[in-house]
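Sharing a structure, written as structure tokens. Questions coming.
Lettered A, B, C and D in written order, each chain numbered from 1.
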Amino acid sequence: MTNPQTVNPIPKPSVPAPDILRCAYMEIVVTDLAKSREFYVDVLGLVVTYEDENAIYLRTLEEFIHHNLVLRKGPEAAVAAFSYRVRSPEDVDRAEAYYKELGCRTERNKDGFVRGIGDSLRVEDPLGFPYEFFYEVEHVDRLAWNYELYGAGALVRLDHFNQVTPDVPRGRKYFEDLGFRVTEDIKDSDDVTYAAWVARKPTVHDTALTGGDGPRMHHIAFATHEKHNILYICDKMGALRISDRIERGPGRHGVSNAFYLYILDPDGHRIEIYTQDYYTGDPDNPTVTWDVHDNQRRDWWGNPVVPSWYTNASRVLDLDGNVKELVKREDKSEMDVTIGADGFSYTREGDDEGSYKGEASKGFKLGNSL
Amino acid sequence: MTNPQTVNPIPKPSVPAPDILRCAYMEIVVTDLAKSREFYVDVLGLVVTYEDENAIYLRTLEEFIHHNLVLRKGPEAAVAAFSYRVRSPEDVDRAEAYYKELGCRTERNKDGFVRGIGDSLRVEDPLGFPYEFFYEVEHVDRLAWNYELYGAGALVRLDHFNQVTPDVPRGRKYFEDLGFRVTEDIKDSDDVTYAAWVARKPTVHDTALTGGDGPRMHHIAFATHEKHNILYICDKMGALRISDRIERGPGRHGVSNAFYLYILDPDGHRIEIYTQDYYTGDPDNPTVTWDVHDNQRRDWWGNPVVPSWYTNASRVLDLDGNVKELVKREDKSEMDVTIGADGFSYTREGDDEGSYKGEASKGFKLGNSL
Amino acid sequence: MTNPQTVNPIPKPSVPAPDILRCAYMEIVVTDLAKSREFYVDVLGLVVTYEDENAIYLRTLEEFIHHNLVLRKGPEAAVAAFSYRVRSPEDVDRAEAYYKELGCRTERNKDGFVRGIGDSLRVEDPLGFPYEFFYEVEHVDRLAWNYELYGAGALVRLDHFNQVTPDVPRGRKYFEDLGFRVTEDIKDSDDVTYAAWVARKPTVHDTALTGGDGPRMHHIAFATHEKHNILYICDKMGALRISDRIERGPGRHGVSNAFYLYILDPDGHRIEIYTQDYYTGDPDNPTVTWDVHDNQRRDWWGNPVVPSWYTNASRVLDLDGNVKELVKREDKSEMDVTIGADGFSYTREGDDEGSYKGEASKGFKLGNSL
Amino acid sequence: MTNPQTVNPIPKPSVPAPDILRCAYMEIVVTDLAKSREFYVDVLGLVVTYEDENAIYLRTLEEFIHHNLVLRKGPEAAVAAFSYRVRSPEDVDRAEAYYKELGCRTERNKDGFVRGIGDSLRVEDPLGFPYEFFYEVEHVDRLAWNYELYGAGALVRLDHFNQVTPDVPRGRKYFEDLGFRVTEDIKDSDDVTYAAWVARKPTVHDTALTGGDGPRMHHIAFATHEKHNILYICDKMGALRISDRIERGPGRHGVSNAFYLYILDPDGHRIEIYTQDYYTGDPDNPTVTWDVHDNQRRDWWGNPVVPSWYTNASRVLDLDGNVKELVKREDKSEMDVTIGADGFSYTREGDDEGSYKGEASKGFKLGNSL
């Protein structure tokens, strides 16, 4: 198989990359602001920094910048911006020069594209995603000590984005050029890459690349302090009789070693609740590579990944607000090679026998074959 | 459909029932004592009270009687006894008279059938299960304060048994006559009962009846103090590359409101790890009835039940040590009516629309249809 | 020292004791209903079953009887009733006969003394406490599954009462005659008893006797599921700037092995938040005796008990609503023998050296001598 | 009062500061290697990377560099090095030039001063502390996924150091020049600084300055994932009857918002167990200033700080291995102004009344006046 990333590599610009601090917020389009408010504020407990009839600006409990999520009312659910904070005002200039050299469409707005944010650059990046870079931002109260506002499922921090792109190695090189460290990836023995996790702040990721038709947004992840906070969100969604919006989990990831839950907002945008990955800030932090056939890679307990998690994702907008067209993945699909008819996954590598008497499971988890 | 329990009801004896305190221990036959020891002692951290080449006697950290589980070496995995402690020595006599009037085969052993237990009665009960009743028991150290022995997944108490029997209402009446309270059950609109939970101590159950071909042992459940203890057991099983022995969960039960995990021992005996149900000790404690088509009844988060959980269970022995023959369930099967081709389950009762745009889910959880 | 309990023992009645199920609710007098509501409802999250301008009826999340706490407005903070549920209507009659034979003042009200409770008996018991016994009660929704109502510090159950009485052995015999099991106690080598824990339901206690001038109410305890629920209550009280109402803890008890916190309501009534003691329901459950000089008995981590915890308690009312006079404790006081000038407590029994180099601590915890 | 930091400021070198990644390990001298091993390995569960008769090299479960703690056998308990990892080999050169310009004694060892570490610089820094900087290090297995090694109190990461120094503002400027961000501090209305927290990695600190006679090491802190891990360490120390080594806590810090515990090793070196502070990586991260008279600053629940926590600390060694002489603090002491005779602390700022009826507490926490 020809490795697609060799076909059309993204060149590294000659100018320096901006110094990116962290993923900072996402702007998403939702079709019913009231329903979305109910989900993000009443169910999940995000804090409203500002709201009007067209948009709601939300933040997590430990955040001190204006927002981590903008819900904008629109006719079609989509993602308008993946926004990163950079280290200084000059890094916005650097980002502009960087993307211009890449030949990307860019737009600069000294007053910010959204409330609370100052001088910003938006680009259609080489992978087709609407990316934003800013430094200037309105400070708001960090509510870390305001425990009277904490619910049992308290979201304290925006942790990461996750993006669907057809050619993961191509995207990975682009992010490495931008100064991201690759912390983990999923591959097979044919050297196909199925996914990669890349970080600026010293956690496992600020964003990740999931192989599939793209550009699409796979999920946005908020962090809690403890695992019981995540379990409570499930309990509450059960009590509210919206357990069908629990898509996958809760569980322990293999990749990242974090505890996770995937839920769906009223428009089907996927939200991850996430806690307890590890420090990755050293430049020689070892990259962990997982075999796509290791059935503990996505769930350390071997629980199966539901197909919708592989197939569904949110469309993204270009800088004119139009839905970006999809490019098909040409590499093998992780879903096909792991839960399809030809799939082979193992619990114990090389294991040819079931784990207990009378069971021809070959190290598979029961129920995987559903 | 003719309700089978009317065909062959178990009569209530004229003599008083024994005063049963609680489920106390189970004696199970395992085929490889070393492998079982690795599972129960090294993985789960049960404490060895006594062991020799034929048997291992295990207890939980807060127990003060000799054991909660006996592993006996044998040629075929099975269950030899479901053992209950009664309030006084005289209650063993009462049990003997009670089962004799029921026409059951009984056996009395003044020295106990197993080490650590004194005067005991064993019976083949009307449902075909090997039941034991005893009062006399050797006291051992309650290790509640010995935190140096606690692992991260500390099992502190035996909580309950679960038995598979074809005719749940017939079994339920038998347990009510024996003095058990029915705390919860699962039914449908045709008044078919799929399962029932019955208690002597004031928790949700000391045993439960699961509809299916029986007599078989569905599972034995140990309690932990907190949910993170259960999550850790999963994490450790992942680390030991035995995640294929995690059969179902972890999750929140609808029935019992407890947090649960089902795992399989090396012989396929099913163990539940369980925490945080509610007090049921008042005589007028309300019975909770769940609709079999409520997809939050078995998992409050709507996660699907794997088929093996419905179909697999351990055989039980008669008092001669022979495997008891099975009686087929004639009522509808919970698996068939909920995950089979005709199944219909709901998240929101009466909901005819999906929970989000463009999704014709009718309140089903995604992935359920796998 | 003459052991005071020999002077004036309470005789055991010839009639049978009522069959007591559990401590069920306490009725307390508060001086400012609005302030108390803020504490019990807004801070602690108890659920209002009913309220009017004179009283608020509160229950825990897993309760199905009308209430676990009644706040009644009055001129002076005090306790009006310690109320227990009995197994049957006839047990109220039995209680009446039992206390009449004891020569106690009794009052019977077929309609209940408070809303939601039917036929009840109130007595001034031999220790001077206003005790109530009832069976009939209005059922309300058990909110166990209503996770949307759970806060991060969710109180799920009333666990126990704690009473201050001058002569602990005298009180202990009275409770044993009433059918309570003694689960734990604190003594010294002179056979002075400083405290005792007694149970009807199979936990460590339904009430406890703390040696001191009495009758007074030491505390009422509500249970949570997990320790983090208790920590959150502290965090929230810090955020609300009422941390001066955190009197003692959080910590791990030696006695009961439970995790605890003591806080003070606006009138100074002491509330314990409590989780995870052990099963005590067997008749031969071993009684644990602690040495008063073991500095891990009250806090397993050796953290010091603040003097107010020993000295302060709520006064109780007689059946006319007058504050009951105090009888002085004549035995030694636990505070004096453990934190007074003559106190000697140990971490390691018999230890004569400090736990580390250069420290003449003799096994004392640093800071204890404050 | 003359502000002492103006007397003798440490000048900022003209050469660039090294790019410091994080605090990486501490080398401490212990007097009994076997006793220390028992504490750090058997009680706390740190992992041995290497050991011989003179030293033990320990790491946390998520670490991938050779060690986070070196225990070296010696005649007198002390600290030999506070060691930081820098971003590149060249940053060790930068550190050397930087400290030489400061006039500090430096020592360079291309083979490292301890096993597992390559080219290193050690200095006696301007505050008198033995500081080390290195980049080269032996990688070892990150045990994050090895849950079979996790105990219930699993330490996953080295979090920070804490140093006692007489003149906090002087030290603070020195750290800011070195590129640290000040995240929090404690001051009074006379502008006396009692403590400051400074960070390179984006947590609340890599080290902190505590005002007092110095140079001394106040504590070294290891992180756990959850609060229950910390509570378990207390439970286990109780079970091992070493609760007198629990010096302070567990509790919630005001400063840092983290959950904490302070314990003492067999030589009296203070170890903090710490979890869940917040992200501080943005350059404009707001500095939080606490009033020294706010009694929630050190413990959010208002629990008193034991005097030993203020007064005791470990001596440090110079580069010849001799104990460094102490310089006395001339500013006011935090202990004196908060728990001494003249102390005034508040729970509710400006509150002149007690929090409940009849209590003249003026917002003090009960027990504070012990």
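Just so it is clear, a residue touches a chain if its C-beta (ideal position, glycine included) is under 8 Å from a C-beta of that chain, and two chains touch if they have at least 3 such contacts.
Remember, it's a predicted structure, so these values are computed and weren't measured experimentally.
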Requested in this report: Give the chain pair, either A-C or A-D, that is connected by more C-beta contacts.
Outcome: A-D
Query raised in the report: Between subunit C and subunit D, what is the separation of their C-alpha centroids in Å?
Result: 41
Report summary line: Between subunit A and subunit D, the Cα-mean centres are separated in Å by 34
Query raised in the report: Can you give the whole-Å distance between the Cα centres of subunit A and subunit C?
Result: 50
**Report entry** Touching two or more other chains - residues of subunit C
**Finding:** 145, 226-228, 235, 238, 254, 300
Query raised in the report: Among line, ring, star, complete and other, which one matches the pattern of chain touches?
Result: complete
Report summary line: Interface with subunit A, subunit B side, in the complex: residues 31, 77, 226-228, 231, 234-235, 237-238, 241-248, 250, 252, 254, 259, 264-268, 295-296, 300-304, 306-308, 347-348, 354-359, 361, 363-367, 370
Report task. Report the residues of subunit D in contact with subunit B in the complex, numbered from low to high. Result -> 145-148, 150-152, 154, 226, 228, 232, 235-236, 238-240
Query raised in the report: What residues of subunit B sit close enough to touch subunit C in their complex?
Result: 21-22, 62, 64-65, 85, 87-88, 139, 142, 144-145, 156-157, 201-202, 225-227, 254, 257, 276, 278-279, 281-286, 300
